[in-house]
Amino acid sequence: MKYIIAIIQPHKLDEVMTALEKAEVPLVTVSNVLGRGRQKGVTEIYRGTKEAGSLLKKVKLEIAVNEDFLDRAIDAVTKSARTGEVGDGKIFVFDLHDVMRIRTGERGSSAIG
Amino acid sequence: MNTGDTAWVLVSTALVFAMTIPGLAFFYGGLVRRKNVLSILMQCFIIMCVISLQWVLFGYSLSFGPDTGQGIIGGLKWAGLNYVGGQPNADYAATIPHSVFMIFQCMFAVITPALMIGAFAERMKFSAFLVFTILWATLVYDPLAHWVWGTGGWMRNLGGLDFAGGIVVHASSGVSALVLCLLLGKRVGYQKTPFRPHNLPFTVLGGALLWFGWFGFNAGSALAANDLAANAFVTTHIATAAAGLTWALIEWQQHGKPTILGTVTGAVAGLVAITPACGFVNPMNAIFIGIIVAFICYLAVAVIKAKLGYDDALDAFGVHGVGGIWGTIAVGLFAEKAVNSAGANGLFFGGAQLWPQLIMAVVAPLFAGVMTFIIYKLVDALMCARVKEKDETIGLDLTQQSEAAYTVIE
Amino acid sequence: MNTGDTAWVLVSTALVFAMTIPGLAFFYGGLVRRKNVLSILMQCFIIMCVISLQWVLFGYSLSFGPDTGQGIIGGLKWAGLNYVGGQPNADYAATIPHSVFMIFQCMFAVITPALMIGAFAERMKFSAFLVFTILWATLVYDPLAHWVWGTGGWMRNLGGLDFAGGIVVHASSGVSALVLCLLLGKRVGYQKTPFRPHNLPFTVLGGALLWFGWFGFNAGSALAANDLAANAFVTTHIATAAAGLTWALIEWQQHGKPTILGTVTGAVAGLVAITPACGFVNPMNAIFIGIIVAFICYLAVAVIKAKLGYDDALDAFGVHGVGGIWGTIAVGLFAEKAVNSAGANGLFFGGAQLWPQLIMAVVAPLFAGVMTFIIYKLVDALMCARVKEKDETIGLDLTQQSEAAYTVIE
Amino acid sequence: MNTGDTAWVLVSTALVFAMTIPGLAFFYGGLVRRKNVLSILMQCFIIMCVISLQWVLFGYSLSFGPDTGQGIIGGLKWAGLNYVGGQPNADYAATIPHSVFMIFQCMFAVITPALMIGAFAERMKFSAFLVFTILWATLVYDPLAHWVWGTGGWMRNLGGLDFAGGIVVHASSGVSALVLCLLLGKRVGYQKTPFRPHNLPFTVLGGALLWFGWFGFNAGSALAANDLAANAFVTTHIATAAAGLTWALIEWQQHGKPTILGTVTGAVAGLVAITPACGFVNPMNAIFIGIIVAFICYLAVAVIKAKLGYDDALDAFGVHGVGGIWGTIAVGLFAEKAVNSAGANGLFFGGAQLWPQLIMAVVAPLFAGVMTFIIYKLVDALMCARVKEKDETIGLDLTQQSEAAYTVIE
Amino acid sequence: MKYIIAIIQPHKLDEVMTALEKAEVPLVTVSNVLGRGRQKGVTEIYRGTKEAGSLLKKVKLEIAVNEDFLDRAIDAVTKSARTGEVGDGKIFVFDLHDVMRIRTGERGSSAIG
Amino acid sequence: MKYIIAIIQPHKLDEVMTALEKAEVPLVTVSNVLGRGRQKGVTEIYRGTKEAGSLLKKVKLEIAVNEDFLDRAIDAVTKSARTGEVGDGKIFVFDLHDVMRIRTGERGSSAIG
């Protein structure tokens, strides 16, 4: 089993969510993050004090999948999240040791979906 | 001069001030996305600054100054507040200092262009917005105010009645808002991704303050603390209550749930509709005006807009344009001389007031719409009215103002 | 008619309006959990709509209309604002239009049921709340207002004094709130998981606006801009300051830290306690009334409630019920004819005013409590007053109104 | 007595109340970091409680009570509101109850120390703040109010003019604020890590409410609803609009972007500068006063402060101190007898009013600064004025008040 | 060493925290997330526009444990977070390569607690 | 490749960000979390009800690095985040299976930076 962490542009979230649903990996956990990447931050000014804000708002997706769904999940995210501009984000993939569904106590691969 | 009347109009001026900031600013500010809230607050705040200056420098004179002859516009005789001092001007208000009348009207001149912010929210460039607003105030608001309220104004001479600004304020800005949002185009992602209000409590705060300030707007327009002010106060309150409740009930029936956003929107629609009528109709008829406006504006906002697909982001047209026109017509139906002897009788009271009302309701929007089109085209040619797509995506707060509304960390 | 008095009562009406929305709405709204804030705002807003209509249609007539004979209730003669026009009604206020008195009282009728929201917050079904509120306003508030304030009302005839609504507004709603929260039961998880206020700045905003609006509530109840209004204004301010400070000091002593929530709560308790007394006592005694109410309400809220374990979610009973009863009794102690010749002398000034005050303080709460019980049982039988546990867990905003207060992403 | 005047000053009192809470509280509260917002709200709220009590108990008597002989201080004759009742006191205001004048002035006494919160924000211990405030109000504000406004006060006798408190309120608190922040030292991490405003909409809300309430502050200082109040109202509005816009334009020119924080700051600076002048200058000169204050305060806040490196956290000195002194001098330049016959002619109108103004503008700040130094040293010796570094890092809300402003989960 | 990520219902947080404490795995990091799972979202309505909100509020727990504490940590979460209704959440388990306590510089298994 | 999760004190964020930049591992994702650790929580009081708040505000950093940058990243965080007081936080290190840059589709080690 694999665990995907994807950092994307906030305004792409809805498209990515739809793409994931179409790719049959609908289950996902979403959260707000700030990212410093290659994309330039926007300077902020408060009463004359300039601050080179380097952190930009991003959205983080976490998706646990069985191996055979990995590629289509990555694919779905990449295609739907891409604008071609710097700042589009990254996908990180981890080995997932175990999963459990709290409601039923089910474990492993079948608990993932 | 009468101290009671003066006190009341001074207070009313402060109340109308509070309608724009913080009222309207928060009403609209809560409805946009987190990344654009400051742009709304900024637009409302800078309108307060810039139009107040425009008003004392020449706007007031254009609107209320001595007519230049054809009932079209006031001259520049009162520019820079010349002749506008502590003595009453009996043409407008015989019992309060002239300067009090002027500053009361100033707040109307300020809020009118601010209402349009709802239409072009989240995508207009700040510089273009600023230039547009100044031109619009001068070329649309000032003439209209003169036509309807100025001594010698042609609509006034025609017998048109607009107690507190159904035509001058709401219909004019609402229709201009529609033209603007059609010209500017839709926001990126409109109808594809959901645009949820980022802070509905702010919207409720703003809505409540609008209602609060509107007592000054409508009852203050009596320009005295008398029974007419009392009637305007009561009808304003009741029409609003009726409209708010009606909208909630419509939603309940349509979607199974009444929402606070719907209720507040209904209340604002009620305030708009009763504005031209509050000093001419009785409280029971105010209830009808409120109920009807809820139905009409609901239709405009929730049905027609979705069908036609224009992006009137915060429903400036759907609420102010539609509601203001309905209120203006309602005067022609429900006005009674029994309520205000300086008024007239509407259709239901055997009078012919409907005709001047209809003329106003057609001509003023038309004028406002055409002028808005021209001014927009000019501004767009000069400086490109819309922000770049990339800036729109990042948000106007950061790209137009280099500020963020809320910190994220800590 | 007097323009100064009219101006003052018109403004006071707007101020009392602002107490309910946005005042109370934000005071309460900040105290609940994030998932329920809109439900509070909605309840406050819809009460403004629905009770205003009830009031002009028949509530005002029941309360202040000509007595039907036994001092129990006004008739329906003034229903639909019949006979309620621009001419003063000397029985109530000789120097202002009758309709101004009516709309001023309207705001009192609105805020009273709104106070109870604090007790049943976070768990009452919207439909049940709405029906309950209309019935309660009609069957509890209107009779009580008549008893105490209506010409011919039996408590008024008895000599009971209630300047701005200690009994009519606060004791009645506070006690009803207690009955309600006992009947509704505790919120899921109460006393197991902590229920922290989700936005204390909102609560402070609401508290400050309550204080602000209360100047209209109390000093406006003089119904004239005179020395009596001045006395009410001063005593209101000072009692509130004393109560807020006292509460902070109690907390400091008890927990080592004064809190802003405590200070604001103390201030509201002070406002409640001085309400019936503000036009009868002098400013120095107002300080004592304020200090004492802080002790009593602190006890009710922080000690007794915790011991008895009822879930008066936002302390509607602990603050308004307890504070209102104390204020009513305080009139019997501190009232002076020197302050208000139309008043009476309390115990400390050699008078016998304490007895009518005690009668009011016992009978009115009893009446309100019993009626609330009956109305609740009726409503519960008809439509089940409480939301389903699952809906309570998800939150009332989403389940009762299909809205979320704040966006999470972006 | 005049009901219109009384109504106006009562309303103005409520408006000035709203300047401190919620106005200033939210203006400042939005500017600090999330972990300190409640400490700001608490300080503003408790000042309202504690200084109101100080005022009625002895502060008012010290300030406005019969002079003890040298024009330095009022006696204790009016302590506990002795002799302060429903009858007018013709020395101060002949047409309104004396108690109305007293409570109007109470709100000035409250907001003045509250302004200083901006300087010591985010690092002062609550207990030390409380003791400091009471001492400062008694030893700095009360004497100064007496000098400038009390019958027999020496600055008043000198012919110094301060319509609504440029010296008494703003210069005094602003300069004291500077002394305070120098003595307290910088916040941990100042100029190393960025301190972003945690909630700019709150700041805009507060700023708008300040503007709103300031109409009562300035126009209410006419103590009557007459043409003088009208002039003060108009000049206040226009100077503020000019200053807000000017600040935005300066930023636009300097950084390429106008900000809402800058615009609101400019507006507040405009309000400060016009305060002493509003009843003496005409509207067109008010525009100049507003434009100039924006330049001066921008310099103080964005350039000089950064250079000198003192940590006036929210610019209490930069805006109120600098703006108040400029406004006081501006009276000496722009005042006209044509506007206010009880006033004087400034330099530009051939008068010699500049000298008394300069004396006030030098002596009052000096006095305030020295006294602040002494009081601070005393308080610091007694109870250590600053919180521990660890507490500052965690935040004042949790460590001084055991509360958190917002919940994080749910 | 293992790293547990648990997604639970927000109103269960306090119970889970208590259970973890009892199970002697008190150290935990908590954050807000939104989840799309099998649980149906609640429709939202804004001025007549219906939006099928698919994301629901959840709380995420992160717990680093030594192997021998893994089962009791999982157990504690499962039991305390379970309501039996859809939406109860999931537990994901990862291999943890290394740990370090910033304060002391301690590394590995002993730094975890 | 490795994936670092660091929990630090919020007021240390800016220093850590600067340190990471200097250490040439500038790319980072930041988010708010609450932590229960050895550091004592602050009691909160609401209308007389005391609540022993055990959760404290922390900031979470996530940094994906190639192996040879791991040590200097850990070093940068540790040194800049340390105050020596309880509550300074922890660093967790994971094996990273794969990375992808959304913008370009690049995969693996080169996509990390």
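Letters are used for the chains, namely A, B, C, D, E and F, taken in the order the chains are written, and counting of residues starts over at 1 for each.
Note that in this section a contact is a pair of C-beta atoms (placed from the backbone, for glycine too) under 8 Å apart; a residue touches a chain by one contact, two chains touch by 3 or more.
Predicted, not measured: the structure shown is a model, and the values here were computed from it.
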Touching chain B and also chain F, the following chains: A, C, D, E
Chain pair with more C-beta contacts, C-E versus D-E: C-E
Interchain centroid distance [CA atoms averaged], chain B/chain D, Å: 33
Euclidean distance of C-alpha centroids - chain A vs chain B, Å: 44
Chain A and chain D, separation of their C-alpha mean positions in angstrom: 50
Sequence positions of chain A contacting 2 or more other chains: 11, 13, 30-32, 34, 44-46, 55, 57, 85, 94-95
Residue list for chain C, restricted to those that touch at least two other chains: 2-5, 7-8, 11, 35, 194, 196-197, 199, 205, 255, 257, 259, 261, 402-404, 408-410
Contact graph of the chains (line, ring, star, complete, other): complete
Residues on chain A engaged by chain C in the complex (per definition of touch): 10-11, 13, 30, 32, 57, 59
Residue numbers on chain E that touch chain C, as the complex places them: 9, 11, 13-15, 32, 34, 42-46, 53, 55, 57, 85
Parts of chain B lying in touch with chain C, wherever the complex brings them together: 2-5, 7-8, 11, 15, 33-35, 196-201, 204-205, 207-209, 211-212, 215-216, 219, 224-231, 233-234, 237-238, 240-242, 244-245, 248, 255, 257-261, 263-264, 267, 283-284, 287
Residues on chain E engaged by chain F in the complex (per definition of touch): 3, 17, 26-31, 62, 64, 94-103, 105, 111
Of all residues in chain B, those that touch chain E in their complex: 194, 196-197, 251, 254-255, 257, 259, 261-262, 265, 298, 301-303, 306, 315
